[in-house]
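Look at the two complexes coming up: subunit A is in both, with subunit B in one and subunit C in the other.
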Partner chain A sequence: MTTTAPTRQAAPRSAVRPAVPPRRRGKRRGTGLAALLFLLPMFAVFGVFSWLPILQTAVMSLQETNLVDTPEFVGLDNFARVLDDPLLWTAVRNTMWFAFLALVIGYPAPLVLAVLMNEVRRLRGLYSALAYLPVVVPPVVAVLLWKFFYDAGPNGLFNTVLGWFGVAPVAWLQDGGTAMVSLVVESTWAAMGGTVIIYLAALTRVPPELYEAAEIDGASVWRKVWHVTLPQLRGVLLITFILQIVGTAQVFLEPFLFTGGGPANRTTTVLLLIYNYAFASSLGGDYGAATALSLMLAVVLALLSALYFRLTRSWSTT
Partner chain B sequence: MTDRGVLSSHDRRNPGVRSVIATVQGLLLGGLLLIGLGPVLWLAKSAVTPTQDTLRAPLALWPNGFDFANLVTAWTRVEIDKYFLNTVLLAFGAWAVQLLVAMTAGFALSVLRPRYRKLVTGVVLATLFVPSVVLLVPLYLTITDLSLINSFWAVWLPAGANAFNVLLVQRFLDGLPREVFEAATVDGAGPLRLFVSVVLPMSRPILGVVSVFAVIASWKDFLWPMLVLPDPAVQPLSVRLPALQRFVELDVFLAALAISTLIPVALFLVFQRLFLNGGALGGAVKG
Partner chain C sequence: MKSSRFTATAAATLVAALAVAGCAGGDQEGSGGRLALTVAIDPGLEQGAVDAFNARVAAFEQANPDVDVQPQEYKWDATTFTAQLAGGTLPAVFTAPFTDGRGLIERRQVADISGEVAKLPYAKGFNAEVAKAGQAADGGIQAVPIAAYGQALHYNRTLFTQAGLDPDKPPATWAEVRSAAKQIAERTGQAGYAQMTAGNTGGWILTTLAYAFGGRIEQVSGDSAKSTLNTPQMRSVLKTLQDMRWADNSMGANFLYDWATINQDFAAGRIGMYVSGGGNYGSLKAQNGLKPDDYGITTIPLADSPDAGVLGGGSLAVVKAKSSPAVVAAGVKWIDFYYLSKLTAQEQAVSDAKTSAETSQAVGSPELPVFDRALHEQRQQWIAEYVNVPVRQMKPYTERMFDQPLVPEPTRSTQQVYALLDPVVQAVLTDRGADASALLAQAESQAQALLDRK
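Take a look at the complex of A and B:
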């Protein structure tokens, strides 16, 4: 029993906190060493598998590296070579197209679902479970399954459905026009449940007094959603937005397994290109180019998040 | 926990509103059944359907014949059992490493509070903003240097470098009443005892959340295990399945997909509350 009287009194989710936590300095000499010891696993794992590789990326992007010879400094050659690669601009365009489609299709869907589901009073668990189920399907299984659904023949699963409405079969993944949309639809299906759960959790934290105040002012349901629910979710919406941009900019699994970048490089994304530079059997082994491109991608992503944070901050203060 | 959403109880008593709610919720449930459960059920059906049936009429509700041998063939002849075990081992190790790193670090930063706590938190937080792709090549070369290729450690150890876990645990511990820690310290508990007897038992909710994230992430992982585990004998399902597609008949392949989905879905159904209430960490200080 660890529960003592004072704990029981402290409400688990108390809104009231002491304004200034009592500071206790000195008289804890042993804790300095103990803290260091407790931090040791983290320092070791992060050091070797996170902090060091991050620094190495910067160095390697300036080097010509293969696994045999000693690395040789080549200045900005790797960057120049990557920027000269016409495939890079194709990959950038494709990735932006994927991100855009994911924003149009994948961003509003979980929000709408969550707001609707939050009004459900009976069998709520069932709704959440159904929405979340695709998330627990392993992504590789999901892609391979959907690859079958997207079969281009008239007996393909989606084409069968289209056939009921007299629509001719679509070559989902083989057609340059529909390939990317097909990828986005699958990845939205696969990821949506997680976001729904995040929104549902955030919705329970919306203070009911705000709705009541809006009702006293005679607000309609729609106005309550617009003026109470959405503003209250602003923080979460910002987080999921950034997460989605950062995530879609790194999309790999779908193009890699669905199309391998085809048809005619229409679904080659930046990450797929990085993978190809470093590990593909045909090109492969060009670690310099791969790190140079990943570094550029990282900078763009960091700028995007920084810009977005700044924008939203200035909007919310003015 | 609020017991109301956009609609007030007054709204809910209005018969017009009620019928609209009923309609919307009916559609919502139907849609969720179709998109959430539909593909999974389809996979379950197709796993025991002969290839010809699945190809000819993929949407037939009831196949002409059942072929339960698909599952057996997949499990034994296609050696799904082996890849399944690999997947479990990979998930288990990644889980253990992540839990160890996140709990010890979270405890040190949040409860022991060394003076450099802000700095360390900052450096950990910073890795969140570094997309994992940046690490891909140097991390791969690190693994090569350490001769960990084809070793499970190549997956387990990097999994521990998860800033999200550390921050999650830290934030959770920050929210616990400090009086408990102080009381324990006054009673003579050292840091280790404080960690084992006070903080760990109080951390059950966050342990659950981190565990779920860890197992799910490991089960999902594809690119990294594919790179560092080139030997099929040590590969998890996620890496092996795309390769199998090329030389296994469709019905057996779909059976293999179904088997791969079974454990995560079963885990989800059993620990549903953990998955679905993961964000809400209320009731942390219950006895």
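Take a look at the complex of A and C:
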């Protein structure tokens, strides 16, 4: 941000315009048309698969429909019904709890791993591949695998390990107190590889002279990380932070496949609630409520992102 | 530039919308200009079963030369049915459980086939209790019952033997169920009794037990319905489960079972007893590799109450909504030919049983009559030669299943009310301090709000 601002001031639009000859402007228009033609497929794809569904979602949130009969406009009734549902606040609490746990467990983990891997001089490629491997495993397969690990019986993988140390079996997914933590641990394992690669790429851009200077000053490893690495990564860290918040607010796969929102709604998240509104009843449920809640979630996340970027603008490096 | 961009975007959107619109609506033309009729075929069948199905298709097409039958893999699955229904991707003729019959009809999500069904020679011969699941408010049959069952208590005979119990004398009361479960858990280390709790099945089984204890979960009077979840019977059910879970520790370690996962664990010998549909044997064997020697089934113990009964269920055949009259007529012909003739005509019954037996599918699983009991027993004689299920092990159920009063599933907002009961039973089984009465009171108030919306 600070590097681009002076350039803009130095070349205001009014100063540039007279320098462009009319003939060149005409050529530009031609180029623009060609570009537009190339963009057409993108417009078509986005239009049909992104913008049109978003528009339909907004319209459907004002309707009562079973997608077979003619829809009936019901104003803001769907929004009122969703806000009146006690399960909404349970889902919001659960989602915030998941997001908090993911920040505590999942946010620092890839950073620590990336910094450690960056310090390694040999076999870095192998470590990178190993770190990225869970991302390659299809999510559903990963969840099924972890279901075996989390088996609440004494023969479950984790419980067998605990048994070696004389610890009683833990009801990982079957207990309201441990279910959400279990989901976060698995999702951290599954998603960490991608973030590690991003951090590793960012770390290559940190000037080595900074570390050399720190070493000459007698800085310990921890002080080098704190005073050199983290400040140099702050732009990337801010981006991954907001991406994580947005991602965890939309967590669905883990509660859906591991627990179905149980036990007793302790892992029902906002997105799972949206799914349940629409699909939990095999007759096709409340599409109006599902789309109303989807819109509310989208607005909240957009506002949150905007607020976050505004608050952290001064820290950003780009 | 702005206007041309807008024009381009609008044109692209219009073209795409037209393309999408072009994919839907109207009768599809089959080969040779015939009427195309998509029909459901079970996914994952062995080649022999597929060949047998195709032979039936060929026979139908010979009798109806203007129809091109096109098999489409489909099996009702709660997690995908809604999307298929909303997306219009179901076959023209498909099946659905009794639970959804009334709802599908009321929401006009299936075609009104009552006129065509009324023309069938046996239209008035359906078992009255069974037919209710597919009847509209005016009494017309818009969803045709093709199979019926009552809920039952399934048990593992091997675990019974290992626990020192007599597998030929299964529990006949809930006190005996509790005692047997405790004995199995203590002596084998497996769950003595397990229960479905997830994906609306928690509500389904809790309702089954409430019926067995003499309760009901809703009272319908004309257009209005009253939720009756918080009853002494339902509280007794939850108290029994609480005792088995927390006092006896006889329910194992998994309290998030749905239909598929509980079947898996039962077939794997990890569960002593559980409640599910009486005709479940075929699925347990084909899908979960159940060892026939392990299998036992008995009637659900009923409380000493005049209202105690067995929750009934079954399958309905329906035709997709917005089908043309031609498709409706052809669809009902297919339902008659493929699903019902094997219940009413000897030749088709024998042919179907023979094919099923040859392709290792279960023949002779317990079921309730779709028509009258005499025809049902007549059919059992027709197919006796091909029966391949462990009949002797099913006697505790088959000898008494007709003695138990059959009670249909609730008719209003059934799945949604079941969904409200899932967290109740999950809380009772995962939280030692769960207040069952408070949970039921809350669920009842939410269920009433649902019923009032109708």
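Convention: the second predicted complex is superposed on the first by the 272 of 318 C-alpha atoms of A that agree within 3 Å, B and C clash if a C-alpha of one lies under 4 Å from a C-alpha of the other, contacts with A are read in each partner's own complex, and residues count from 1 in each chain.
Heads up, the rule we're going with is that a contact is a pair of C-beta atoms (placed from the backbone, for glycine too) under 8 Å apart; a residue touches a chain by one contact, two chains touch by 3 or more.
Every value quoted in this text rests on a predicted model; they were computed, and no experiment measured them.
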Partner chain in contact with A:252 - subunit B first, subunit C second, else both or neither: first
Which superposed partner A:302 touches (first subunit B, second subunit C, both, neither): first
First (subunit B), second (subunit C), both or neither touched by A:232: neither
Touching partner for A:294 - first (subunit B), second (subunit C), both, neither: first
Subunit B versus subunit C as contact partner of A:207, first or second or both or neither: first
First, second, both or neither for A:278, with subunit B first and subunit C second: both
Which superposed partner A:262 touches (first subunit B, second subunit C, both, neither): second
Which of subunit B and subunit C A:32 touches, first, second, both or neither: both
A:134 touches, of subunit B and subunit C: first, second, both or neither? first
Footprint overlap on subunit A, comparing subunit B with subunit C: 32, 36, 39-40, 48, 51-52, 67, 151, 278-279, 287
In the complex, subunit A residues that touch subunit B: 1-4, 6-8, 10, 12-13, 21, 24, 30-32, 34-36, 38-42, 45-46, 48-54, 56-57, 60, 65, 67, 113, 115-120, 123, 125-142, 144-146, 148-149, 151, 155-157, 160-161, 189, 193, 197-198, 200-208, 211-212, 215, 221, 224-225, 228-229, 246, 249-250, 252-253, 256-257, 271, 274-275, 278-279, 287, 290-291, 294-295, 297-298, 301-302, 305
Residues of subunit B touching subunit A in the complex: 1-8, 10-11, 21, 24-25, 28-29, 32-33, 35-37, 39-40, 42-43, 55-59, 97, 100-101, 104-105, 107-109, 112-115, 120, 123-124, 127, 129-142, 144, 157-158, 160-161, 163, 166, 177-180, 182-183, 190-192, 195, 197-198, 201-202, 216, 219-220, 222-223, 227, 237-239, 241-242, 245, 250, 253-254, 257, 260-261, 264-265, 267-269, 272, 275-280, 282-287
Sites on subunit C touched by subunit A in the complex: 1, 4-5, 8-9, 12-13, 15-17, 20, 76, 78-79, 81-83, 85-86, 96-97, 99-100, 103-104, 107-109, 197-200, 252-256, 258, 321-322, 415-416, 419, 422-424, 426-427, 429-431, 434, 446
List of subunit A residues in touch with subunit C within their complex: 29, 32-33, 36, 39-40, 43-44, 47-48, 51-52, 66-69, 86, 151-153, 169, 171, 173-176, 259-260, 262-265, 276, 278-285, 287
